[in-house]
């Protein structure tokens, strides 16, 4: 089905990514796969010596290693840093897709006041509003909408059906995945005569350079000022970033996480999958919120928290162990009560 | 970038929203911002006297207050109700966006049996099915789909790429944010010969007047009858409302919350962010389910619950405190055991 | 509003689905509804004898029962298996929607190298990439995108605005609901000079026959090999399936659930609403992960787990009960401490 398969010899791969071949460098490789699933013609890899034993059962034609292995039936590619070599090899075998067409697709509806760089690609069924600016070599796949006064820098890529509301600014080399929504009104209501009335959201969204946002994720616009996603931050699928949140640089926010209104994340914060942060709190640089953990209070730089509510990860583990021992604790408490009752009864009888 | 900046003097603002200026009423204001981020030309606000100390460091040109402050370096706008005055001022400075074009965009595909009010705006790349009715001044941005027999009342606004399945009815003055999905089949399966078979979902969805639904949220259609969202209820982003759920009037359902099948919410219920309600339960009028809390049982009117599983908020707090003290409780239990062992041993030795 | 109402007599229903009428078989029925909401002209059903008492208050014109009831004011339809009979009756009264138009809608943008079966329906504003294959009688509603080299089998149905990335393969008779995203890049980053760099995702997605995927759900593409959803598996709304996950056959994955990277589910696994599974773990055939439960470790076939972190459901219930009794346990501990202090003091005084 894939008509554009690249074939490289192991020697060619070694030369390109900088490694040393042990064994037959003339074998041909067409792609990468895991130890368990690799087929002849594929190269696999061993990230940990613990997995070396699994290699004998693998059908792979070659293996990338950081430390040479003895008694291996296939050729080895010895590399200095396995993880970065793996990325380099994956890049070599990345599927070759047709380049998107430069210019405006005839079905795109583009306001005459919009400024689209001639090298940008505006795909089928896109809708571009008034005063929008779109930079050099930026690609919009099909069905995207960019609202009035919004802008996208150069080299950014919007997958199909992304929606950008008015007055939102996306930087350079950003990637926005399909069905993500940038700039919807935040969830701020004020009771008027017993009914919730929307607080106007005059602010916007600023997404700095190199940010990646997953499929079906949402970044809400600010009430005033801007919701900000700092440069280099990566956001996974189905994530909710509420109004007026400020996220620092190079954070990692995994799937289904939620960050509530006006909360600030420093640089390099990691929020693992399905985690959450309450509104109006601060998370220090480099802090880590564990998977499925929900943070209700500020944490400082470098802190690692876990649990619901989230607390120091060491404490959370101890409490978790003790919680699982509650049946035992309850039994021991009951035993003590009987013993003490007996001691008290005997004392009275003395 | 924003070509439509409104400039008003503080006196003009005071006159429009009903307030009293203390200081220079001739200064010009162009927008609203927080104490920390306001710049010259912006008005800020103080919601609590605790924040008054921060004012001296603010670059704002004016400040809204409910109580006059002493020794303030900038003009004050004294108002009776700060929150509603803030909404009024935000409304004054709301970004002026181009009005959507009335009528059917030439790229919209509209079934000839659909009834579209002449004042409605049907944007680019919309698809409107057979027998659809769309009311006065209702706006569909680009890429929306409205399925067969569905209807939307007057003054409603569908942001880009909203999908409404067949036989769903949206009331007047509703707002649906981008990529939300109304009327997908509910998740109901019945095992037939060991495989799950979809139970037909003949019902629909009724969304009453004044409802707002966030980006990427889902309201499923009913098996029979209708899934109902009551008038004035507001739903945030990434929320799941399952089949046959009945939600009362003026509820607030925050981001990433889920309500499982056939559950009923009364009026004025608040479900905080990332909360959840199990299927076939009832939540009384005005009840509050706390953030990240998961409710498995009925609760009555006005009850406030918290935790996983959710329980009375007071009890949840006590249990939470005690859970954090489990290491201490375990240590004390161990001490007691040693002491009692000693007492028992001494008794036996007597 | 619904111009295509079917009317059948109770006798006709009995004949079609195979049941026996007790009472007047000539009454006309137009749809199905619950005991509480049924109106004249509707048939209702009683799944449990406990609900039989509610029948006297129902306005339904007939009732489906598995066991004949005494003293009933309306006609009964006696069936062998109530659940499957209900499905059959719902099928009889399913809303009759206009069939989608066969062929390519004039607004669809289809690459000339794509192979579309003449009986397939490609709706308005769809975009079909190079080398795509779409099978017999498969329907794409409006606004869908199918990326380069991807394929969809026969008899599948994509609701509006579904996005399929390149190199993804959807089987036969699958249903994908609106705004779902298949094949976005997984969330895999590697630190390069202190910044997260995306690991290339050369793999794809394989969705086998008979799979159903809910609205706004995401299935990410693999780093290498494929993310796989096994035949007959059903996935609800707002679900996240991460890169390289392997899901077996006939699993049920309810709303807002997340499965993290490289995790394997066996056949017939049930993940209830808002549940989660950590990365790189294995869930055995027929295992059940309870609602709002988060699994961090492997579980074997048939295991039932609950809680955060998830553990054996029986143990989770005991711990849950004890957690709620923590205030009582703490009080009892304090009482014991006083009693033991007294005993120790008396001993010293002896």
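The first chain written gets the first letter, and so on, giving A, B and C; residue counts start at 1 in each chain.
Quick note on the criterion: contacts are C-beta pairs under 8 Å (C-beta built on N, C-alpha and C of every residue); 3 or more make two chains touch, one makes a residue touch a chain.
Keep in mind that this is a model prediction, so the values were computed, not measured.
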item: Rotation angle (°) superposing Cα atoms of chain A on chain B, nearest 5; value: 120
item: Fraction-based call for chain C against chain B, same above half, different below; value: different
item: Distance between chain centroids, defined by C-alpha means - chain B, chain C (Å); value: 25
item: Set of chain A residues in contact with two or more other chains; value: 107, 125, 143, 161, 179, 216, 238, 256, 308, 323, 329, 333, 336, 340, 343
item: Chain A - residues contacting chain B, complex; value: 107, 109, 125, 127, 129-131, 143, 145, 147-149, 151, 161, 163, 165-167, 169, 179-181, 184-185, 187, 189-190, 192, 194-200, 202, 216-218, 220, 223-225, 238, 240, 242, 244, 256, 258, 260, 276, 278-279, 294, 296, 308-309, 311, 315, 318-319, 322-323, 325, 329, 332-333, 336, 339-340, 343, 346
item: List of chain A residues in touch with chain C within their complex; value: 1-3, 31-34, 37, 83-84, 86-87, 90-91, 93-95, 97-98, 105, 107, 123-125, 141-143, 159-161, 175, 177-179, 210, 212, 214-216, 232, 234, 236-238, 250, 252, 254-256, 273-274, 291-292, 308, 320, 323-324, 326-327, 329-330, 333, 336-337, 340, 343-344, 347
